[in-house]
Amino acid sequence: MTKIEMTEQIIVAKKELGLSWEEISKKVGLGSVFLTSACLGQNSLTKEPAKKLCKVLKLGKDVEKALIEFPYKTWEKSIPTDPVVYRFYEVIGVYGDTIKELIGEKFGDGIMSAIDFSMDIDKEKNPAGDRVVITMNGKFLPYKSW
Amino acid sequence: MTKIEMTEQIIVAKKELGLSWEEISKKVGLGSVFLTSACLGQNSLTKEPAKKLCKVLKLGKDVEKALIEFPYKTWEKSIPTDPVVYRFYEVIGVYGDTIKELIGEKFGDGIMSAIDFSMDIDKEKNPAGDRVVITMNGKFLPYKSW
Amino acid sequence: MTKIEMTEQIIVAKKELGLSWEEISKKVGLGSVFLTSACLGQNSLTKEPAKKLCKVLKLGKDVEKALIEFPYKTWEKSIPTDPVVYRFYEVIGVYGDTIKELIGEKFGDGIMSAIDFSMDIDKEKNPAGDRVVITMNGKFLPYKSW
Amino acid sequence: MTKIEMTEQIIVAKKELGLSWEEISKKVGLGSVFLTSACLGQNSLTKEPAKKLCKVLKLGKDVEKALIEFPYKTWEKSIPTDPVVYRFYEVIGVYGDTIKELIGEKFGDGIMSAIDFSMDIDKEKNPAGDRVVITMNGKFLPYKSW
Amino acid sequence: MTKIEMTEQIIVAKKELGLSWEEISKKVGLGSVFLTSACLGQNSLTKEPAKKLCKVLKLGKDVEKALIEFPYKTWEKSIPTDPVVYRFYEVIGVYGDTIKELIGEKFGDGIMSAIDFSMDIDKEKNPAGDRVVITMNGKFLPYKSW
Amino acid sequence: MTKIEMTEQIIVAKKELGLSWEEISKKVGLGSVFLTSACLGQNSLTKEPAKKLCKVLKLGKDVEKALIEFPYKTWEKSIPTDPVVYRFYEVIGVYGDTIKELIGEKFGDGIMSAIDFSMDIDKEKNPAGDRVVITMNGKFLPYKSW
Amino acid sequence: MTKIEMTEQIIVAKKELGLSWEEISKKVGLGSVFLTSACLGQNSLTKEPAKKLCKVLKLGKDVEKALIEFPYKTWEKSIPTDPVVYRFYEVIGVYGDTIKELIGEKFGDGIMSAIDFSMDIDKEKNPAGDRVVITMNGKFLPYKSW
Amino acid sequence: MTKIEMTEQIIVAKKELGLSWEEISKKVGLGSVFLTSACLGQNSLTKEPAKKLCKVLKLGKDVEKALIEFPYKTWEKSIPTDPVVYRFYEVIGVYGDTIKELIGEKFGDGIMSAIDFSMDIDKEKNPAGDRVVITMNGKFLPYKSW
Amino acid sequence: MTKIEMTEQIIVAKKELGLSWEEISKKVGLGSVFLTSACLGQNSLTKEPAKKLCKVLKLGKDVEKALIEFPYKTWEKSIPTDPVVYRFYEVIGVYGDTIKELIGEKFGDGIMSAIDFSMDIDKEKNPAGDRVVITMNGKFLPYKSW
Amino acid sequence: MTKIEMTEQIIVAKKELGLSWEEISKKVGLGSVFLTSACLGQNSLTKEPAKKLCKVLKLGKDVEKALIEFPYKTWEKSIPTDPVVYRFYEVIGVYGDTIKELIGEKFGDGIMSAIDFSMDIDKEKNPAGDRVVITMNGKFLPYKSW
């Protein structure tokens, strides 16, 4: 079973059971961003959460195995067309050099890891229109000399 | 005076005065991400903060005027090479569809605005290595039908 | 049922019933540009108009569900080949900077929203050859500082 | 004098005189979109308006000549980075096939000319936020058989 | 029936009947370039010639309908590999600016229409090797000001 | 002297003397398409016409030498933005396979040479709007087997 | 039968009969480079060799017909990944301008035809390691003026 | 002195002395393809030939040094526009897989080296038109297993 | 059987037997990098190891034959998305010119062969986090003059 | 002083003093790969080694400062043309998936860091031709779940 077939089965099961990603991730005991990304085939689960997830969604052994496999992370090259995704691309474009300046100033020469990394997505209530709040948290990795 | 010349003069003045972006933005009374992005030519300032900034950095009227002009936002097309900037591009690639799923689930069909938007960059102390914390906050805009 | 299968079923039904987009959108009570774009899979409908549309076109529950799902908007990257679509691309190329200048002059630093947005397509009778009239109407979103 | 030098001189003169594109185009007697696009080097003026424009902006013969020359229309290839311009690109992406469907339905097989074409940009007052209204008007050109 | 299936059926029928494009277009009463391009799915036919063509090639109603539909013109993006097609691309590359200069000189600021347009391909007998003669004929469209 | 400097000197001289490409090519005794393309640096002249051209335009020995040098033909890669040039690109896109079919039918397997090649641009008077007539004439080159 | 299906049948037959391209081309009476390229769908055969080839490989009428059809030559765009093919691409990159200089010097302004062209591939025995010898032979085509 | 400046000085000296690449390479004692490529900055010379070349062309020490430096080989990416160079690119496109098949058949799994490599360009007299003969000679390098 | 089908069968067999690449390559008697790359279709095996491998994995004759065939090496063009592979791409980007400088300094003008080449991947135990050690070993090939 | 100017001054000083990168890095007390990459502007030095390096090369304070600044790492996008650099790109292309398989097998799901990373380049004497040995050593970073 490929990761793509795995994702299709998960999406179908999720709709039939009427569960949200939020609810599923609470039952499995993982963050909703991480859990969703694993279901979409961009991260792997370890044994225990894979088992729990399949129990929650009433899916078989093959989905469990596919969840555990290490993914080849892949995405739409160059520039995404969907407006939701594109706006984040635009944010990185506009603020990329600013981020580099401020990380350099606060931490020294190095990067924010995209591997030792987590992300949360929250809703901020606001009478002028609710707001999306994204928090990224990644380990700082300094360049080493040798 | 173009935005590029403006940025060069600001960088030189900043180095000579030994000020950080953090310190400058506090004196001007704006967030450091926003202030830095305006100095790098990716956002415009209104009259008052432009004046204050030039006073802090001992720069002339032409820099003040250039800060106020509306920028043509531009950035490295396709894929950035610098590892600091690239890691954020990778994050959007890996988590783009996850973000879309979860915004859809929490808010309905629509996007996070990249215009009515703010960003903060913080340092989280950690004995296993300090962590970079990025918070993005953007208004949710629902698609309208007509 | 994917959005692509949904579009195929709608196109077949529309031809068999001999209805135009104009007629369908009147029966459903939505603008023809918006209704057509939803049928082509680029916008989602809410429950009521999805139901009405399926009744008009004598289509089943699965089409109704597919119309309600949030689309991943996608289109021909880089430059379209079809002359109808390309001419609009050319218009944005030739007049893009002009539009930016005049929006800046009339509204301040900001953009026209492509989300809080509507569009109409009309026919202007003219003895020297009829004319296509496209009207776009989008909310102005000012850049905010923080 | 190249079109680029011409544009630079016009922008400088415009700022010094404190005139808007709107005001300049009224004095010259042309639409503001057309006049601005000619000043940005994307359209040519005929002799009379070129003369008038140079008188309004107190510019010399060489600018007048440059305004009359036929431009090589050129623009940022692939995808523009500035959010103002990008949103229009996104609109064409999302609604391109819809436009094609509806022009076909209302006019037959053919295109909207981008040459025998005009455009207006207006401001619609709205308590929930002002709106940008763009009107495009182009001759319908039917494909001919032979 | 898609345009692609339509083209396949036409090519098969043409081979079986041993007819050339030249012969088919004479029987239908249209130019061979136009007729061939419609059979390859790049132009639409009106009702009468579509009927005649299907009679000549002994094809059914569905082919007739597909011939009448408005095509989404599409072609190999960037640079074609086949030497026959590439040589024309090279010709436009080498002589493009020359064509622009001479159309400007003879007609004023404007373009040759690719819509109100016809093309012929002829064979010129020559003892040193026969020659291909392509004639393009398109309406001149002047840019309008407003 | 590079080909680019040569072209600049020729354009300046041509404007000062108020001559059209048509008039210059008649005085030199060459076709206007060929002569213009050589002046724009895309073809080389032999000694005699180079001399004549410099006499007509009152230009020096260095221009004469530059005209004789073999050019490195170069042009805007991918897709041209100017509408005049783009329309020809569109024509090749729409009719490329048709041209291949008809050359194959009339001549056999082979190509139209873009080297042993000439082109003419004419104006056809027409009350419904004048027409641009382009004639291309190239030697047929059959593929050889060995 | 498409050219692709034709190539597949030929490859299978060749393996089953244990014949090399060298042996097949000798039996057919054509050069091995040309014969192989025709079998891979990049050149067409005339009637006689197509018949002979099918007899040698015990293949049917449909393969014979497919061999005779004029191919749409197509290849991996931009840069090939396979090292064997890439090295030739590199050779053209490194020596392209050198070839242009020396052809210009020896023949005048013009090109080597890729149509009236043949190629041979030989093995040169060498104790320090055998060597590949490629010989290309193409007609010189001078640019003509008109 | 950069390689580019070196090439410019060599080209100027070569024209003033009226020498061909053929003549220069004979005086220096190297093949004309190799010598020309080194003068164009795509290969390096060892000390002796660099000295001789500068003597022949009456050039100074700095040119000699620049000839000895190891070049960063660079060329027009993607697809060259000049017809002379393009035709070789087309040849590799059309015959690339054929070359791979025949090298595999004659030598085993491996490549022709583009480093341990030489090339010659000759003129073959022919009453039907002279022919360009290119001979490439490269060491076969077998893939090794380990 | 294509190389892709071969790889699929090998992966399935490997999972069922619960063998690692390390274990398989020891049984076959080849390096694990080389063996894995051959199983993934990027290198060919000679007869003996192909036979052994199929015995170890209990696979048939057709897999054995497919392993022996010379591969057309192919990979994700431009920039890989998976972070594991991308990091190596980044390493070549950052250190490419450094590698060129140091190879030039230590060996002279020439390259490291990617054909007469081997690679090993090892694990270095480290209390601060284990480390990946990659060793590449390729023959130096000097450029030759002629 | 930009990094580019810094590199130019270092290269000139290095040539005048006749020092190799190897010798310079020994005097400064850093690895030659790291030191060279910092001199080419792809890594930053801390204060002490920057001082030492400028002393060794007899360069001023501005070079010292430029060495300390954090670089914006940048390189030739898409595919490098120089054969030395390209061969490494080819190695990553051919062995990328193999590396991913074996790192996954030996370490689990994660990547080799390109930041906590070092590289060495050595010469292995060999009678059949010396060999280039590249050793890369990077920390393994496991993906974390949250």
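We call the chains A, B, C, D, E, F, G, H, I and J, going by the order they appear; numbering starts again at 1 in every chain.
The criterion applied here is as follows: a contact is a pair of C-beta atoms (placed from the backbone, for glycine too) under 8 Å apart; a residue touches a chain by one contact, two chains touch by 3 or more.
If you're wondering where the values come from, they're calculated on a predicted model, not measured in any experiment.
Greatest centre-to-centre distance from chain E is found for J, with centres as Cα means.
One inter-chain figure worth recording: chain E and chain F are separated by 23 Å, centre to centre, where each centre is the mean of the chain's CA atoms. We define each chain's centre as the mean of its Cα atoms; on that basis chain C and chain J are separated by 51 Å. Centre-to-centre separation of chain A and chain E, using mean CA positions: 50 Å. In chain I, 33, 43, 72-73, 75, 78-79, 81-83, 90, 93-94, 100, 104, 110-111, 113-115, 117, 141 are the positions where the chain touches two or more neighbouring chains simultaneously. Pairs of chains in mutual contact: A-B, A-C, A-D, A-I, A-J, B-C, B-D, B-I, B-J, C-D, C-E, C-F, D-E, D-F, E-F, E-G, E-H, F-G, F-H, G-H, G-I, G-J, H-I, H-J, I-J.
For chain A in complex with chain J, the touching residues are 30-31, 33-34, 38, 43-46, 49, 70, 72, 100, 104, 109-111, 113, 115-118, 141-146.
Chain B contributes residues 78-79, 81-83 to its touches with chain J in the complex.
Taken together, the chain C residues at the contact with chain A in this complex read 72-75, 77, 114-115. Chain I meets chain B in the complex at residues 79, 81, 83, 86, 90, 93-94. Remark: chain B residues 20-22, 32-33, 36-37, 40, 42-43, 73, 75-76, 78-80, 82-85, 87-107, 110-114, 117, 119, 121, 123-124, 126, 128-141 touch chain A in the complex.
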